[in-house]
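Read from first to last, the chains carry the letters A, B, C and D; within each, the first residue is number 1.
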Amino acid sequence: MTNMKKPSFNDTMLILVFAAAILAMPLWLDPFGGNYPDLLQKFAIYGIFAIGFNILFGLTGYLSFGHAAFLGVGSYAAVWSFKLLTMNAIPAVIFGVLFAGLLAAIIGFLSLRRTGIYFSILTLAFAQMSYNLAYSVLTPITNGETGLQLARSDPRILDKLFSDGPASAGLPSTELFGETMSGYPGFYFCAVLLIIGFYISLRIFRSPFGLMLKGIKSNQNRMKYTGLNTRPYMLTAFIISGMYAGLAGSLLAVTDPLAGAERMQWTASGEVVLMTILGGAGTLVGPMLGAGLIKYFENIFSSFDDSVLQQAFSFLPDSVLEIVVPVVGLFVGSGWHLTLGLLFMIIVIFLPGGLVEGFRRIFNYFTSGGGKAETQSVEAHNQAGE
Amino acid sequence: MGDLVLHLDNINKSFGGLSALSDVNLHVEEGTTHAIIGPNGAGKSTLLNVCIGRLKPDTGKVTFAGEVLTGREPHEITQLGVARVFQTPEIFQEMTLLENVMIPAFSHRDGAFRLNANKLLSKQGEIRDEAEHILEDVGLKDMMLTEAGSLSRGDKRRLELGMCLILRPRLLLLDEPTAGMARHDTNQTIELLKKIKSRGMTKVIIEHDMHVVFSLADKVSVLARGQIIAGGDPQSVREDPKVKEAYLGGAH
Amino acid sequence: MSDFKKSGMSRRGLLKAGAVGGLVAATPSFFIKDAWAEEFRNNPTNSGEVKLGFNVPQSGPYADEGADELRAYMLAVKHLNGEGDGGMLNTMKPSMLTGKGVLGKKVTYATGDTQTKSDAARASAKRMIEKDGVLMVTGGSSSGVAVAVQSLCQEQGIIFMAGLTHSNDTTGKDKRRYGFRHFFNAYMSGAALAPVLNKEYGSDRRAYHLTADYTWGWTQEESIKNSTEALGWETVNTVKTPVGAGDFSQYITPVLNSGADVLILNHYGKDMINSLSQAVQFGLRDKQVNGKNFEIVVPLFSRLMAQGAGDAIKGILGTTNWNWSLQDDGSKAFVQSFGAEYGAPPSMAAHTCYVQTLLYANACEMAGTFYPPEVIKQLEGFNFDGMGNGPTLYRAEDHQCFKDVLVVRGNENPSSQFDLLKVVDITPRAQVEYDWTIFGGELGPYEVKM
Amino acid sequence: MDAIFIQILNGLDKGAAYALIALGLTLVFGTLGIVNFAHGALFMLGAFCAVTFQKIITISVKVRDEGVTAFVAYKEQPYLETWFGDTGRIIIDYSVPLSIILAIPLMLLVGYVMERGLIKHFYKRPHAEQILVTFGLAIVIQEIIKAYFGANPIPQAAPEILAGSANVGSWVGLGDNLVYPWWRLIYLCFSGIVIFAVFAFLQFTTYGMVVRAGMRDRETVGLLGINIERRFTVVFAIAAIVAGVAGVMYTPILPPDYHLGMEFLVLSFVVVVVGGMGSLGGAVLAGFLLGIVQSFASMNEVKDIFPGIDQIILYLVAVVILLVLPRGLMGRAGVMDD
């Protein structure tokens, strides 16, 4: 996939198309019922999470099953920043990334002593310990099951320093230099960070560092006998990817200042694994697509109840309607998990390589050419086309 | 010839009571090609693995150019100038030949770890030129953008050799470089090894094929049942009755 | 304030327009906010419908409870729109509900899945608010979710009518101006249970608590401990158990020789089902300690949990918010129409959800507007009757409902598959009331800046 | 002393459950090289075999339920009871152990269909894709169960005679105060038998020997002209049956619901990996070890010193073991190292 002589023109195009597609999401998601701030924010945030995860898993092949811990720590750090320092989003994001990076350094240092499934279980164990402690014993720091929330009585030292007016009656909201970070502004904030994150990921993919990581994935033994110390490379990749997760976690808190412990549970770790594989591990835009698809299902498909179906199929005669609605109802609304499960199976059975592979096939079908050189443009195409 | 550069002193290694190497002493001169021969199960591969740090000997030590190799990490040993070609080629199957060779090129230029995350691969002109040059040397330049996994076994071996050569090692360890090759490929490999001989690096070769040994080696040591039973220039080893008895006599 | 009903465009439409404009001008929708300050979120004035958001667990351990809640909501919508037999519309006093929708608008709804996770519940509630344009969010089956969604609704200026939530925190330290709880709480469970425990088991008992290790469990443990210790009981030990432990054997066996003669299980849902059935298997109920029969108490349980626990629940004392066997007019009317619709009696969660919907609708009628601060003012201090638990008050200071509390026992001889709980006693409202200041917290403002 | 003895029993009992689940998982891991995220779902399916069996033998006539007056309701009387009287009642009483009769063929079928229809196409695919497809399958199985049986746990009673507790204290001379539920003791014995049977099958039959050889080196066994693929089907079916009967027998201890499998999934992976990849003995050992450690960590005396230790002990032990022993307790080199 690395094309040495490829002029960076293509990458520039890719970034531009990607940025345009992300910023235009409110437009093109509207017909799909996906245009509302919360979902758009989730797309961007989980996109960041998945892109970061892909730097570890896609490049090095190390499957971490504990990335949710970094997401959670990012959230907690951000909410504490809101509580103690200021409602401004910037310090929250910085703290989220830093603390997640710190935790990633510790967990990575220990877990990277092992490879393969042993590594996966070590990361899983660390994350589950974090989750269980956050849920119970660490409640003074995490507020347990309910999740860490803002309170009017929080110190917010910096905010108090710079404003002398009395606090407003309600809770303050997160802001970026006066702009409230919920709703569409929050989305654009996340989107900009997503684009930056994507750009960094692209640069890593195209850098000698990225090449080394791919080398580790391909043949760790040869890497060692090539004179390369694989541990620091791995640890760096792990920390970077943990920092992406921390960024995503802090953005979750920025757009909605509540940090719950279940963000760290293994199911959350599993979700990002599924997103990445579903979209296409090791591809640039795949994880982002996977994240979008899963979040779309979770938020939109789960909302199709019988009354919605009745409306959607109201063009059918009543007798048909009576059959169609319950049957379709099995797969949407409370049955949305079933559809998701089926989707996982169908995609992995028919499209090894994930969604990106699917788009590539479609693209190749139409151009009836295909080959390595087209990879990048195909990916760019995917972005625009989705 | 030159000074002794590789020393194996009193190496003992046993696996669960079974002695694989007993009291092996071996000294290799700089710039020579030293072949280690011996019947199957004589401990040749074990010896090589001890040299490269993959196995830790029970006693004894390996010294290379004044540095003790025993107990060091593989990447440290490699950075000291020791490279190895494996019996089954260890290459990056999913990557292009060019990438396969570029990775060791970075290792040679930047050492065991340098992040380089802010650089673009496409801007690494000199590394690429070097890689292409090496690929030309081993005769694979035409295929440099194909995936390494699709190569024939002989080509894979040559690729691996190229990956080692770009490291500019002082010592190259080769584990049966022609094993499982057709005669044509074997000859090509011999030619290649002869060509690189002129570069003045020290080589230790483990080999079954006597044709290869006698075309390349300056010195030969014979290993049988974990012990060195004979050594010297090829001609004298060939005529050593002990060797004939233990190895050549039995085999031919 | 007076012209809040006059609005040109819906806010949602404006948001969309703002987003599109934002792309071009790089100045997203925020410029609109000041111009429409008197607007309130999702104002339905120009639409013929009013939309409510039913946010219930549809997956995860409480999915069945959530499904029952949803049934109740749909029934409530029917009744509000004048379909069906009207249910509690006919028994509620005082009531301004007409059966012609709310304020002349047809009631519709959107549903969502909380997954019993704070994040998912908030995401789902946000979808309803931002996309579906609901005016009120209701539902849920755990306190964590209730607290999380309640605080979201406060920020968003949307009224939240809590579903099943029993923690003291919901109307205690985490109470919100926009959140209302009809369900009772741990404190009230303790206060209601104590006299019955005294009567049944005497005042000289030694209790051992197993407590689910999270906020609800702790408040429950504290409440029960306080009220039993006030009776003269001794607390031998309080042990925290991990949520979702599954096998509780390692926590149950130490009870056997602890000298305790009562085991109190501060567990809910699956934890309760598992710990109770396992405790019974360990022969706790056949034991004699200190010359008394060993007893197990489950301070909070529901019919669905009783069903899951099977025979183990028989004879166990606890409290419940409501039970379908109640014979007052309101309960009878509700059970009848629910049973006729779905072929099974409603659960206590369903009852709460149904009542909450009617209460909200009625408050809108009383206020004559959907403007949340006015609706809130109507609900605060609202006294009503005919909804199943006798005369009930929505206390203004903490938005907690006060009503009689049912003390129940697992039925030894159920007459039907639904007849699992037997009402032992009804502790009158006066005995479970408490001073709202003991739990702290503050409600926050009526007006929410948007 | 009493407390320690009883916690050892608890630990063994827990360990038996862990070991049984891990056994099938590691078998599939080791021989087929498949990361089966649907293994928990197989355990759950087994538990629902018990539920189904109970449902079948209690198929009932609907009788008007006089106890409900508010609306027209019906109650049910099992045919088995109407036809066979007391014998019928006894059969119903023993429905849990008897449902193994249903579980074995059903799980065999499920295992066979799953392996032939899906798993076999994934032998050569990357682990990540195996995870995705088996996880998807687990969700589908789970949702189907939920659609049919609901989400609420369904209680399964042990036979009347085994519902109480055994006086184990008097057996070992520790006084009368130590009781332990009969069913848990039976579960312990049962799992011992199943584990032994699986080991015996692998150790003493030629069939099993080939499978074990295949675990070590699939290619070589393939070269010997043995149809290893067919044997893989059998192995997978065995794993499914083991998970299934473990699920059946666990129902009186833990009333099953559709989510049961997911709860055991993570745990069973931890057990397998701590035991060491490709090692059956390791998985069993790890199961019992983790069970006992967990029981002891939950003792009040321990919790007083380390609050919350019981929340994390499993993972803590796993981390320590994996950091000290690179391949778990008894893992072999080269299996799933990458």
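We adopt the following convention: a contact is a pair of C-beta atoms (placed from the backbone, for glycine too) under 8 Å apart; a residue touches a chain by one contact, two chains touch by 3 or more.
Keep in mind that what you see is a predicted model, and the values were worked out from it rather than measured.
Ranked by how close its mean Cα position lies to the mean of all protein Cα atoms, the top chain is A. Separating the centre of chain A from that of chain D, both taken as means of CA atoms, is a distance of 34 Å. Centroids built from CA atoms put chain C at 74 Å from chain B. Note: centroid distance chain B to chain D, computed from Cα atoms, is 51 Å. Work out the mean CA point of chain C and of chain D, and you get 36 Å between them. Listed for chain B are no residues, as none touches two or more other chains. In chain A, 132, 135-137, 337 are the positions where the chain touches two or more neighbouring chains simultaneously. Chain D has residues 308, 311 in contact with two or more other chains. Chains that are in contact with each other form these pairs: A-B, A-C, A-D, C-D. Those residues of chain D that touch chain A in the shared complex are 35, 118, 121, 125, 127-129, 131-133, 135-140, 142-144, 147, 266, 269-270, 273-274, 277, 307-308, 311-312, 315-316, 318-319, 322-323, 326-328, 336-338.
By the touch criterion stated above, chain B contacts chain A in their complex at residues 52, 73-75, 78-79, 83-84, 86, 90-96, 98-99, 102-104, 106-108, 111-113, 115-122, 124, 127-128, 145, 163, 167. Those residues of chain D lying in contact with chain C across their complex are 2-3, 6-7, 10-11, 13-14, 17, 65-68, 70-71, 73, 75-76, 146, 150-158, 163-165, 177-181, 183-184, 252-255, 257, 259, 263, 294-295, 298-300, 303, 308, 310-311. Residues 59-65, 67, 213, 237, 239-242, 244, 246-247, 249-251, 253-254, 256-257, 270, 273-274, 277-278, 281-283, 286, 304, 307-312, 324, 332, 335-336, 339-340, 345, 414-419 of chain C are the ones that touch chain D when the two sit in their complex. Chain A contributes residues 2-8, 203-204, 206-212, 214-215, 217-219, 221-230, 232-233, 236, 372 to its touches with chain B in the complex.
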